[in-house]
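Heads up, there are several structures right after this.
The same subunit A turns up in both complexes below, where it pairs with subunit B and then with subunit C.
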Partner chain A sequence: MEQIVVNGLYLGAQYALIALGLTLIFALMNVLNFAHGQMYVLGGYMTYLVYGKLGMPFALGLAVSALTLLAVGAVVEKFLFRPVLRKSARDESSMLLAAGLAFFFDSIILLLFGQKQHGVPKIIEGVQNWGDFTVVIPNDKIVVGVCTVLMIAAFIIFMQYTKPGRAMRALAQDRTAAQLMGVSADRYGMLGFALGAMLAGLAGGLLVATTGVSSGIGGSISIKAFLMVMIGGAGVVPGAIAGGFILGMMESFGLSYLRAYGDITYLVIFASLMVFLSIRPHGLMGKPWG
Partner chain B sequence: MSELLSIKNVSLFYDHIHALRDVSLHLDKGETIALIGANGAGKSSILRAITGLQEIRAGTIYYNGERLDGRQPDAIVRAGISMAPEGRHVFPYMSVKDNLLMGAFTRKDKTEIAEDMHKVLEKFPRLRERFHQSASTLSGGEQQMMVIGRALMSRPKVLLLDEPSLGIAPKLVQSIARSIVAINRDDHVSVILVEQNSRMAMRISHRTYALITGEIVISGNSAELQNDDRIRKLYLGGDTA
Partner chain C sequence: MQNIKKLALAFGVASTLSLGLAPVANAAETLKIGFVGVTSGAKAGWGISNVRCMQTRAKWVNDEGGIKIGDTTYNIEIVTWDTQDNTTRAKEGMEKMVQEGIHYVIGPNTDPTAAAVRPVAERDGVMYFPYAFPKELYTKPASNAVLGMIANYQSGPAIYKYLKENKGVKSIAFLAANESDALSQREGGIQAAKALGLKVLAQDAYQSDTRDFAPAVTPIVKLKPDLLVLSGVAGGTAPLIIRAARELGYTGLMSAETAQDAMQLKDGAGDLANGFISVGGASTPEIRSAMMEEFIRRYTEDHGQYDDESNTKVYAMEYILETLKANPKAINDVEEFKKTMDTLSVPNPYMKGDRKLEYVGLTSFGQKRQVGIPMVVTEYQDGEFQTLFVTNVD
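Here is the complex of A and B:
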């Protein structure tokens, strides 16, 4: 039981990091970034290249993942989403663009890295155990978990206490008013998109250390990210974190208790989410309007 | 008096709706002008054109001798024009304090910002009581005061007010009207006031422009226009405010 909770928390932290990026992009741009999972995979491959293939430090791999996705996010916003959002008031336009981008990234990733799953050497050997092996955690998972929590904390501090953070919160809460305060919607929209992509890339880079990376998982990561955001409420930071941990827990418990009935964990999760959303369509902490 | 802001032959469209037709007006330094007219007459569109929130189709906007149209809203705020938008547009999940600080987003000097914050709180003491509450918990009148205060936090030379009396208790309308006069007279901020409450708007402004379906039909000295038959017929007839 304790082991299941620990697994859930570990998974939840990873998921929360992914969901934060997605919800940031949605809050700022009103864009559903269907390519979020692919950005995550791209981040995973960057760390794989630097750390796994070139044998350089893991931290450097993470930094390369972060910077690459920061750049990808900025370029994608400036040259694709911004012009589309300017010319079309319809939500479908940006949704189709995001879906197209997801396919595009999938193809690029497949082309560059092939179908094979890529693993990396362990970042740190050994395991820890508590209570006479009731809870066992490998050291590398502890490092990854701590890094994840620190990144989430850093993101929250950045959003709460820095000027760009305030600007982005203002844009998310009332776009018109923020512009009237002198906040450049272009500049901070681009920053937000880049940061959101960077968070996906970091999460991908971190997860390479424990599970490796393969080219086909982007779509399912995107779907999971959307699940979390919908559970917590779209565009709300605490909602994304809550959604991440809830999904992590559900998955952890499901994989342990439902295994006997076959591979039905996600079937159960999807079914319960449908019921939940029919009762509370705006999620736990989302706004029921707009 | 010297011309601070001038709008010449401006036309503006929302998709295919012709919202402003060949509108020209000017604002002198130290002046308060009122734009009056029915809902949809184009009053707010003039403010949206000045602030860059809406692109104009034709015409020019000059401010301090510089071309303003075509610039982004944030550049226009930096130039010294600030707006309290209609419907108040507060940042609902930020405290009153953070809302006011957002108003000073374009400024850097922390001591000056603190001084201006102090001035705003003196002008609107109600905001001091609510200082740490989130903006969504404020009453309509308090939100309006906060939004005007927030607009002042950028130290503007021109203040644009869009329907500050809309949906606000009559008692508070008086107090907000007094604040607008004080902002113009004591703080030397030139004001463009958009109002459906024509009586109030003409009482506290120097000049008035009256709009009908996107065109300026009457303009002149506010004190004189208050007794103008056409204005009475158009705007003051059943108006009891």
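Here is the complex of A and C:
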């Protein structure tokens, strides 16, 4: 039981970090960023290059992932999403752009890094074993878990207590009112998109330490991130965090307790989500955030 | 002036015609061979190794002036189609091959996509070489599909028997992705294990997009099976499962009935992957010929890195070319190809000694609908595969 809870918490923290960037972009721009998973993968490869291939410190790899995706996010917002959103009021336009971007990133990543799964040397060796295998957790997972929680906390503090954070929250709550109060939608829209991409890149960079990275996984990561965002409520930061932990726990408990009934774990999880969303379509915390 | 213009025009036309026609008169014919398989997404590695094998071999043949089939010399052109592991795309791909006049196709790489292309291949006269295991593709009345590798129901029993007799394995657990290929391979493995008298402790599944395997592996580790089989596991996933199981304290044996990649195991699981047993590529260093060494060199030069899976995947196109050389009428008639399959026996260029290229599959399918390659079972140790034993199908 203890191991199942630990597995669920760790998985949930990973999921929450992945979903944060997606929900931020959705809240600010009402854009479903289908390329979020590919940005995660790109971040993973940056850390892989710096730490795994060049042998430089892991923290430097994370910083390179963060900065690269920050720049990618800013460029994508300024030169792709902003013109499209300005010219078209239809949601499909931005969705198509995001889907195209996902395919583009997939192809570029495949060309640059090949199709193979890549891993990196362990950031820290050893395993913590409590109570004679009652709870086992590798040290690298502890480090990654702690970093994940710290990053989530830093993000929440940034959004709550800094001027750009407040500006972005204002834009998310009421774009027109925020603009009338002098908030630059262009500047903070770009910052928000860049931050969302950076969070995806950081998640990819951090998790490359425990799960490696592979060019073909972007699409499935995006889908899972959407799932978490929908559970918590689209555009709500605490909702994405809650969604991540709920999904993590459901997987961990389901895989241990439903296995006796055959391969129904994911069937039960997805059926439960369908029922939940039919009862509460806006998710746990709904929109807007605050 | 008018005459000069006419003269110039005539000269231009004549030059264009001579430039256009002269090479055609001297050039070799083109033999198109198709690939319909997955080259994007999580399973991209399976199809990409196919495509790279085909491209490397085709370039090699063309560099040497083409391949002589009957009285005609052909240059080989590879036409590829990414199924994206989607059945509709796979069917579209096979239809495209038909439109291109292609009769020989390598792929698809998964059970559902292989089943999806079957009606088109049978209707329009295409022989295809899937890397998918459903027996109905290869047993009568089907006759157009040729299995391009060793199936899990052929390798599984051999591996379990070896481990039972040599490593004292008595109990076994199965873990597969929750998708048709892997689940059907898991089912085949369970039947084989039961037939050998092994106790099946678990038959679990995980979502195919899983990256952290601790939750999926935890219940199996608690059961302490002697052997954990990763049914139908993709090359990129195996190291993640191995790492999770070992870190959670699993000390038993682990195996897969699919080919794996040493570099990915080393990268993803490091020393934790030592002892992992899998079906190796069919041309391990101990048995490969100088021609295979040259193939690996060319492949690495063209594509930057080599895939161990390509040790097996190099064979499908060689079988197609050798069968066509043996019966040139088959170039546009797959019925002729099928007749030749029953009798083909030519030296295997990729192996040492006097091994032959011969179609097999009589025992498993009742007809020769499988490329004959050695079944090499390997054990991973410190970054490379070591051969445990070599045997043959049929």
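The criterion applied here is as follows: the second predicted complex is superposed on the first by the 278 of 290 C-alpha atoms of A that agree within 3 Å, B and C clash if a C-alpha of one lies under 4 Å from a C-alpha of the other, contacts with A are read in each partner's own complex, and residues count from 1 in each chain.
Following the convention adopted for this analysis, a contact is a pair of C-beta atoms (placed from the backbone, for glycine too) under 8 Å apart; a residue touches a chain by one contact, two chains touch by 3 or more.
Computed from a predicted structure; not experimentally measured.
J.: Are subunit B and subunit C a fit on subunit A, or do they clash, once the structures share the same frame?
T.: Verdict on subunit A: subunit B and subunit C fit.
J.: Give one of first, second, both or neither to describe whether A:T176 is in contact with subunit B, with subunit C, with both, or with none.
T.: A:T176: touches subunit B, not subunit C.
J.: When the two structures are overlaid on chain A, which partner does A:A167 contact: first (subunit B), second (subunit C), both, or neither?
T.: In the superposition, A:A167 contacts subunit B only.
J.: Now for A:E251: first (subunit B), second (subunit C), both, or neither, which partner does it touch?
T.: After superposition on chain A, A:E251 lies in contact with subunit C alone.
J.: Just to be sure I read the superposition right, which of the two partners does A:H282 touch: subunit B = first, subunit C = second, or both, or neither?
T.: neither
J.: Would you check which partner chain A:S184 touches, where first means subunit B only, second means subunit C only, and both and neither mean what they say?
T.: A:S184 sits against subunit B, while subunit C stays out of touch.
J.: Considering only touches as defined above, state whether A:R82 meets subunit B (first), subunit C (second), both or neither.
T.: In the superposition, A:R82 contacts neither subunit B nor subunit C.
J.: Between subunit B (first) and subunit C (second), which does A:N7 come into contact with in this model arrangement: first, second, both, or neither?
T.: Only subunit C; A:N7 stays clear of subunit B.
J.: Identify which of subunit B and subunit C touches the larger number of residues of subunit A.
T.: Looking at subunit A, the partner in contact with more of its residues is C.
J.: Quick one: the Cα-centre angle at subunit A between subunit B and subunit C, nearest 10 degrees, please.
T.: The angle comes out at 140 degrees.
J.: Shortest C-alpha to C-alpha distance from subunit B to subunit C once the two structures are superposed, in angstrom?
T.: Between subunit B and subunit C, the shortest C-alpha distance works out to 36 Å.
J.: What does subunit A use to touch subunit B in their complex?
T.: 163, 166-167, 169-170, 173-174, 176-186
J.: What residues on subunit C touch subunit A, complex-wise?
T.: 39-45, 48, 178, 183, 202, 204-209, 211-212, 214-216, 218-219, 235-237, 239-240, 247-249, 261, 263-264, 267-270, 304-305, 307
J.: Please name which positions on subunit B make contact with subunit A in the complex.
T.: Residues of subunit B touching subunit A: 51, 53, 72-74, 77-78, 82-83, 85, 89-94, 98, 101-103, 105-106, 150-151, 154.
J.: In their shared complex, at which residues does subunit A touch subunit C?
T.: 3-4, 7-8, 10-11, 14, 52, 106-107, 110, 114-122, 127, 129, 133, 136, 138, 207, 210-212, 214-217, 219-221, 223-224, 251-252, 255-256, 259, 263, 265-266
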